[in-house]
Amino acid sequence: MNLLSFYSRNSAELLGLTWQHVYLVVVSTGAAIVVGVPLGIALTRRPAWRAPVLGLANVFQTIPSLALLGFLIPFFGIGAWTAITALILYALLPIIRNTYTGIAGVDPAVREAGRGMGMTDGELLRLVELPLAAGVILAGIRVATVVSVGVATIGAAIGAGGLGVYIFRGVATVDDTLIMAGALPAALLALAADAVLGIAQRRLAWQR
Amino acid sequence: MTAAVDVRGLAYALPGDGRTLVQNVSFTVGPGETLVLLGRSGSGKTTTLKLINRLLEPTAGEVLVAGEPAAALEPTRLRRRIGYVIQEVGLFPHFTVAQNIGLVPRLEGWPADRIAARVRELLALVGLDPAAFLTRYPHQLSGGQRQRVGVARALAADPPLLLLDEPFGALDPITRVELQREFRGLEGRLGKGMVFVTHDVREGLLLGTRIGLMHEGRLLFLGTPEEFRGSTQPEAVAFMSAVDPGPAARG
Amino acid sequence: MAAIGGRVLLTLALLLGACGRHDRIVVGAKNFTESDLLAEIVAQQIERRLHVPVERRLHLGGTFVCHQAILAGQIDLYVEYSGTAFTAVLKHPPVVERDSVFHQVASEYSRQFGLRWLTAFGFDNTFAILVRAADAERYGLKAISDLSRVAPRWHAGFGYEFLERADGFAGLSRVYGLHFAAPPTAMDLGLTYRALADRKVDVIAGNSTDGQIAALHLVALEDDRHYFPPYEAAPVVRAGTLERYAGLARALEELGGKISDDEMRRLNAAADVEHRDIRTIAHEWLEAHVP
């Protein structure tokens, strides 16, 4: 049975799994942005936090995905929320780190002029630092998203659904069509996310 | 008329090792006057400037800006009433010239048309054609043009006091002389008090109504350019002999 | 293109361990404890009788992975179950007659694949449809037919192999008329027990000889419509390997009929519940039962 006929016979299931996959990635990346960007901003205001926060985020990133999922199961059980928790932890490092470097990379003269003119910290952040750092921050979000699409496929091992379901079924039954049926859309999703966010990044990145 | 700035017994010691960078500095600058703070690198002149707009907090002494104690105001409120021009200029790269100049008025909530009119007025004042420059971005400007915009930006909310930290130091000699001449013309018309930091004696003698010579954190001399030229104060003599003041200083 | 890619990956994965194959016997196992245990028993038996080095490839993968591996010669033998071979590998519809399944499987494997089935160990590890003991009591569940009553309000969780096999979920739900609230959640087989115990799902398909059934207070429902064929475990060996090593068949036949259902459950519990080392368990069992 070739791939196309598999897809036409299982289009509803394919759509369902793709939707699950997108859900996992969007929810987790969204949460990581909500937590990570403010944390990255905080790191520029409090240098003492930098080493512990970046260090911790780095630890999560270094743990292999399957191992991290395994660690989380006793606390969160199986299912989508465990996978989402793992994905959030993975996405944190690129987002926090890029937010920090993007803002820290703003020309010190610009910051000094802004403060000297009487901008509050909030105005400086909102009008100057964040707009100038937006390109770098978005680059971090882009990396986090693309990695998430990949790691989300492993979530199928713990009942989180998504395109990994096809891959695991295919591996269990040595069915290449099934494996590709999951791997191909997952790869396309990653490429698409990368392309779309790349466009957004170029639009926002500031040419000095 | 109230002095633009009145500094009394100002001092600053580093928080870590307690080293004093500024000690017992006092001076007054009236409206229309320019005090040039002259001194070598490390003499404390930039530090003194930053003590006035509280980018650094004084460890002793007081500062009055337009009659009001600077310490009593919220630092950001204080700074909005002081124009600040730095050597690197620090224009916001993602703002147009108009947006850069209009920043403080915008933060203060001025109506849009008032801001637009003010921006045009200031561009003309600093010698830039509004039609040509309003919508340009900083990266499209030369060094001299950028600093003109920097000065315009500092003047936007019509502050009584202007602080300038070696504003022309990063420019090439020809542009520097050009801007010094134009600035001299502006000084008279604006009627504002200015504190101008430089290590260039020629510039100081040209632009200052008075010169304040700083050395190792203390104010060694405070007087007119003529008095400075004739002073027997060793540091003043050192400065005068190190440089041959050009024809402009005698003007 | 996809097919070639998949096969290349699989072959590469299997090649990772196989080198210098003519001087040792490679024993494979499927990816669950019982399979590992039986493989270890077989491996140690070969070592003590034949004094030939034995390489273990435990927890290799599911049925299909091991089947491909033995066909390709990457492993020389592994323990397979008659019912699984009958429905999943040979793709016959499920049939219940005990003797006919084993004989048919043995003759077809020999003819089609050049693989020999040796004497079965003596136990039947069939699929156990498991529910929590508390639920079994509350809803009066004794047989799988009883499940159709509660299915519409329940969630099922299965491993990937059970979902794909002909003798798996598809056939089961058809024969018993099971309509669950939503399609079953798919997950790694090992996690289904925890999912059931943690109340994330309400019914799973485990193995009847699993050690955790009693430990987690689970109950196996009776297969009253006789949907599942018998699953008798036996060593499956490449014909060539049997010829190359005289005495191999005899050594493995010594294990025939030595493990009952209860004995297998006890061995599984020693590994899964008591967390004892598989090598030690196998060694002790051999010393006691095959001196």
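All chains are identified by letter, namely A, B and C, in their written order; residue positions are counted from 1 within each chain.
In the analysis below, contacts are C-beta pairs under 8 Å (C-beta built on N, C-alpha and C of every residue); 3 or more make two chains touch, one makes a residue touch a chain.
Computed from a predicted model, the values in this text were never measured in an experiment.
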*If each chain is a node and each touching pair an edge, is that a line, ring, star, complete or other?*
line
*Can you pull out the chain pair that has more C-beta pairs in contact than any other?*
A-C
*So, what's the distance in Å between the C-alpha centres of chain C and chain B?*
84
*Centroid distance [mean C-alpha coordinates] between chain B and chain A, Å*: 47
*Between chain A and chain C, what is the separation of their C-alpha centroids in Å?*
38
*Shared-contact residues (touching 2 or more other chains) in chain A*: none
*Give every residue of chain C touching chain A within the complex, in rising order.*
2-7, 10, 61-62, 64-65, 67-68, 157, 159-161, 163-165, 185-188, 191, 194-195, 198, 200
*Footprint of chain A on chain B - complex, ascending*: 53, 55, 75-82, 84, 86, 88-94, 103-104, 107, 139, 150, 153-154, 163
*Partner chain B, residues of chain A touching it in the complex*: 107, 109-120, 123, 127-128, 131-132, 206-208
*In their complex, what parts of chain A are in touch with chain C?*
2-3, 73, 77-79, 156-159, 161, 165, 168-177, 179-180, 184
